[in-house]
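Submitted below is the structure of interest, expressed as structure tokens.
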Amino acid sequence: MARILQLDEAIAELVHDGDAIALEGFTHLIPVAAGHEIIRQGRKDLTLIRMTPDIVYDQLIGAGCARKLVFSWGGNPGVGSLHRFRDAIQNSWPVPLEIEEHSHAGMANRYTAGASGLPFAVLRGYRGTDLPAQTDTIKPIECPFTGEQLTAVPALNPDVGIIHAQQADRAGNVQMWGITGVQKETVLAAKRSLVTVEEIVDELTPRPGAVVLPQWVVTAVAEVPGGAHPSYAQGYYERDNAYYQQWDPIGRDRERFADWLETVVEPERSAR
Amino acid sequence: MARILQLDEAIAELVHDGDAIALEGFTHLIPVAAGHEIIRQGRKDLTLIRMTPDIVYDQLIGAGCARKLVFSWGGNPGVGSLHRFRDAIQNSWPVPLEIEEHSHAGMANRYTAGASGLPFAVLRGYRGTDLPAQTDTIKPIECPFTGEQLTAVPALNPDVGIIHAQQADRAGNVQMWGITGVQKETVLAAKRSLVTVEEIVDELTPRPGAVVLPQWVVTAVAEVPGGAHPSYAQGYYERDNAYYQQWDPIGRDRERFADWLETVVEPERSAR
Amino acid sequence: MTTEFTADEMMTVGAARSLRDGAACFVGIGLPSTAANLARRTHAPDLVLIYESGTLGAKPDRLPLSIGDGVLADTADSVISVPEIFNYWLQPGRIDIGFLGGAQVDRFGNINTTVIGGDYADPKVRLPGAGGAPEIAASCREVLIVMRMSPRSFVDRLDFVTSVGYGTGKGDREALGLRGRGPVKVITDLGVLEPDPDTCELTLTQLSPGATVEQARAAVGWPLKAVDVPTELAPPTETELAVLRELKATIE
Amino acid sequence: MTTEFTADEMMTVGAARSLRDGAACFVGIGLPSTAANLARRTHAPDLVLIYESGTLGAKPDRLPLSIGDGVLADTADSVISVPEIFNYWLQPGRIDIGFLGGAQVDRFGNINTTVIGGDYADPKVRLPGAGGAPEIAASCREVLIVMRMSPRSFVDRLDFVTSVGYGTGKGDREALGLRGRGPVKVITDLGVLEPDPDTCELTLTQLSPGATVEQARAAVGWPLKAVDVPTELAPPTETELAVLRELKATIE
């Protein structure tokens, strides 16, 4: 049975130093507020997992929360590079960042294997590229029927899977719609899960294309209106495109980033 | 681009003697009319594939269309055995029937591999059972990361995948809803596909839980109202439970079955 | 005052009572579906019913006629594909309880639903086959087997192992990599068998009202072990019987 | 009368013209998305747009801001999960055309979007990484590469092979088990390169209006081969330019 918690309670309870965590969202429904709460609570040594690490992962990395990133495409979509990510990789600032790099197809299959209770997944991928030489979680595998060579990748089973959805009901059943990416797999693959939602409603109305996660596979739900900003929540608000552009100069500069970090951490601290 | 055809045209064009064909439907939306048309056209030496062969497969087998059955559960659901199936296996009547037997999980994964363009799928299944000793399409496979022993099954890629859906539009885009089983995978795994539909509409209205197959992955669509009878088509008609019960004495008896066969074949013949 | 009831009703009620509220339960058609729906209407309103056709959290207002009945899709929290049911929901061990029946069961709770007599290629009786059973038996956290007792079905040696209980005894499941606990109860018309904690051999632990250890032994094809004093199952309550009969009436 | 146009506009129009009506096209954000939407509004109204976020058959009425823009989900024939996009749609080779760009391309159409300079562990420039590209390059029936020509990006040797074109030459794709044909065109600001039928080496076959073979050779870091008489690309038509500019205006 999912528990309905406050965001800060949920992060305090579910996310521990050293955990492997996945905050997923494919452009849409990115759990940004949850990421900021992790920064606020000063988590360290996290392994951050995500297909498309973007601004919120740049922020977590810049804040020194991460020791490792498992990913397939890291960038500020439509704008350019993630400079905190680059600074961590190229200059170990503020702490060294190990990376484990895959392709989207590989990451999607790793989540799928994790959600399926399998130790690995098989795909047509990576062959001929330089990725297998750098990433030891990519191995060849042979079809036992045809002898064909394919690629195996190990399951992802994060300690915590965190996603944002439009709605939950009071029992903690979750509904999301629009582009839902790999979020269902993230929750099903994770040992513990947190879903932040735009609103908690009395009853979920079935919608075309909706994905439903029943309460018995969700650990906690937190109501966080606007929790996906600056990404969007279909039916609630649009993408804040300016934020993505404005992030670029902040992310480029350690001092400006430090100032930004104060604005995330402080208001909450002083409110306590 | 899917072509809109008459059912008899579609079967004549898509289904050939000796083909491996899958008519899928999990209790709901069983493409029975398409199966009867195959009987009517007198196809022979078919490999019939289906997770849950029920009455329409009993009829195809009894009519002598099949030389092999690939399946995971064969029965008249809620009633009992398939007697034409039993007669073929136990007495080679009217022709010998080879079988390739799996579990549901294995068959579902075989379709999934077929739909995914992979030669095989991996699952936790079959271990400790007597199935691998009888079915050479079940093999052990080792996880290249953990060394764990799992099971591999080869992809299913039928020559023809046949399903029944509620609706298609005039371009051949298909929409089905309710319990949709393994039908999407069947069409995606098959080399050619036929979707019979309750009705062709001007526009498909998105519905909660609906599965859409775009026209460019469907070979042909045929409008066949009632084409799933005696199974049901959610939103159109209920399951004809009496038919399932009435089938039992017909299927048990070769003569009564022969009489039934006349009723399927004759009206169409005399109409030509 | 006691109401009359049949052995089948006792068996269904016993199965229903084994389902704790809030559990996720993989339900097959027939008695398991009746038992699960009975439980949901009595002591376990939050029982989560999962049918292999792809319905998660179905809340049917009548007994479904098949595992793919429309009433299941209409009332489910979510309807998903059959591959997803097996891969995302059953295989990872998310489902608490799986129900199984069969034509034959042996002393270690292994089940046959494939062939009887002769050999596989030329059987005396061809049964429907495996369906979802092998993976339900492997992956549900616990399995409940429900079968009427008779020497023809409770056999010393299966003609075919379709689904694994405890294999040849304790430790076999672990060696095979089966992650669920295995069959925790065999619910029959005469009583309940449970695996011996040390050997995993099925042992008579409970008797249906009026049934005796001797009756049970006579109905089993191997020398059935029994605990010293099997407990007697409480007969169906008036409520259980009324709800059960009302449910059954919905499909007649 | 000729309207003025930029090299980027020519490149986008050239990419759009390469998309035949009815084709299923795997679209990335930026120029590929612009080109695909331009094609859909001009000669290819039935072009099927597929975005890796999971939208099949999107028909956006403005340029999407990202590959996961809400307008894609709102207008798609079907919205599916990211694992499904890669497994059921891309991997089996159902998609006719995939668009790729990158920081570096070599003479066999291999692409780098991972690191520049130094080595992998300590690069001079860390790029975003692979994303969907390796499997788009492997599995789409045909690949179109779109990149501005410069010696920094058209290089003799990639710093990292993120996505495979023709590997080290003819036959490599088959040996690697890559089932798509590979890059059939590299569309640049100066002209179009196509693989030589015998060697698969990229060869200049078409020139943008006003561009010369010498200019192209100067912009490429290997000794660029060219056909004897490259054809000249027709400049953008008034309609193409008008539609393109209107599209671009939707996101400004």
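Letters A, B, C and D mark the chains as written, and numbering starts fresh at 1 in each.
Following the convention adopted for this analysis, a contact is a pair of C-beta atoms (placed from the backbone, for glycine too) under 8 Å apart; a residue touches a chain by one contact, two chains touch by 3 or more.
What you see is a predicted model, and the numbers here were worked out from it, not measured in a lab.
With every chain reduced to the mean of its CA atoms, the largest distance from chain D is reached by C.
Taking A-D and A-C together, the chain pair joined by more C-beta contacts is A-D. Chain geometry summary: the mean Cα position of chain A and that of chain D are 28 Å apart.
Taking the mean of the C-alpha atoms as each chain's centre, chain C and chain D sit 57 Å apart.
Mean C-alpha positions place chain B and chain D at a centre distance of 40 Å. Contact with two or more other chains is made by residues 78, 87, 91, 139, 179 of chain D.
Annotation for chain A: residues 117-118, 123-124, 148, 150, 184-185, 209, 211 touch two or more other chains.
Viewed as a contact network, the protein chains fit none of the simple shapes, being neither a path, a ring, a star nor fully connected. Chain pairs that touch one another are A-B, A-C, A-D, B-C, B-D. Touching chain A in their complex are the following residues of chain D: 29-30, 52-55, 65-70, 72-74, 78-79, 81-83, 85-87, 90-91, 114, 120, 122-123, 125-135, 138-139, 160-164, 167, 172-173, 176-179. Those residues of chain D lying in contact with chain B across their complex are 22, 24, 48, 56-57, 77-78, 87-88, 91-94, 139, 179.
Within the complex formed with chain A, the chain B residues making contact are 117-124, 137, 139-141, 143-146, 148, 150, 152, 154, 206-210. Against chain C, in their complex, chain B makes its touches with residues 26-28, 51-52, 71-75, 77-78, 81, 85-86, 89-90, 101-105, 108-109, 111-112, 123-131, 134, 148-150, 178-182, 184-185, 209, 211, 232, 234, 238-239, 241.
Here chain B touches chain D in the complex through residues 1, 115-118, 173, 184-185, 188, 211-212, 214, 216-217, going by the rule given at the top.
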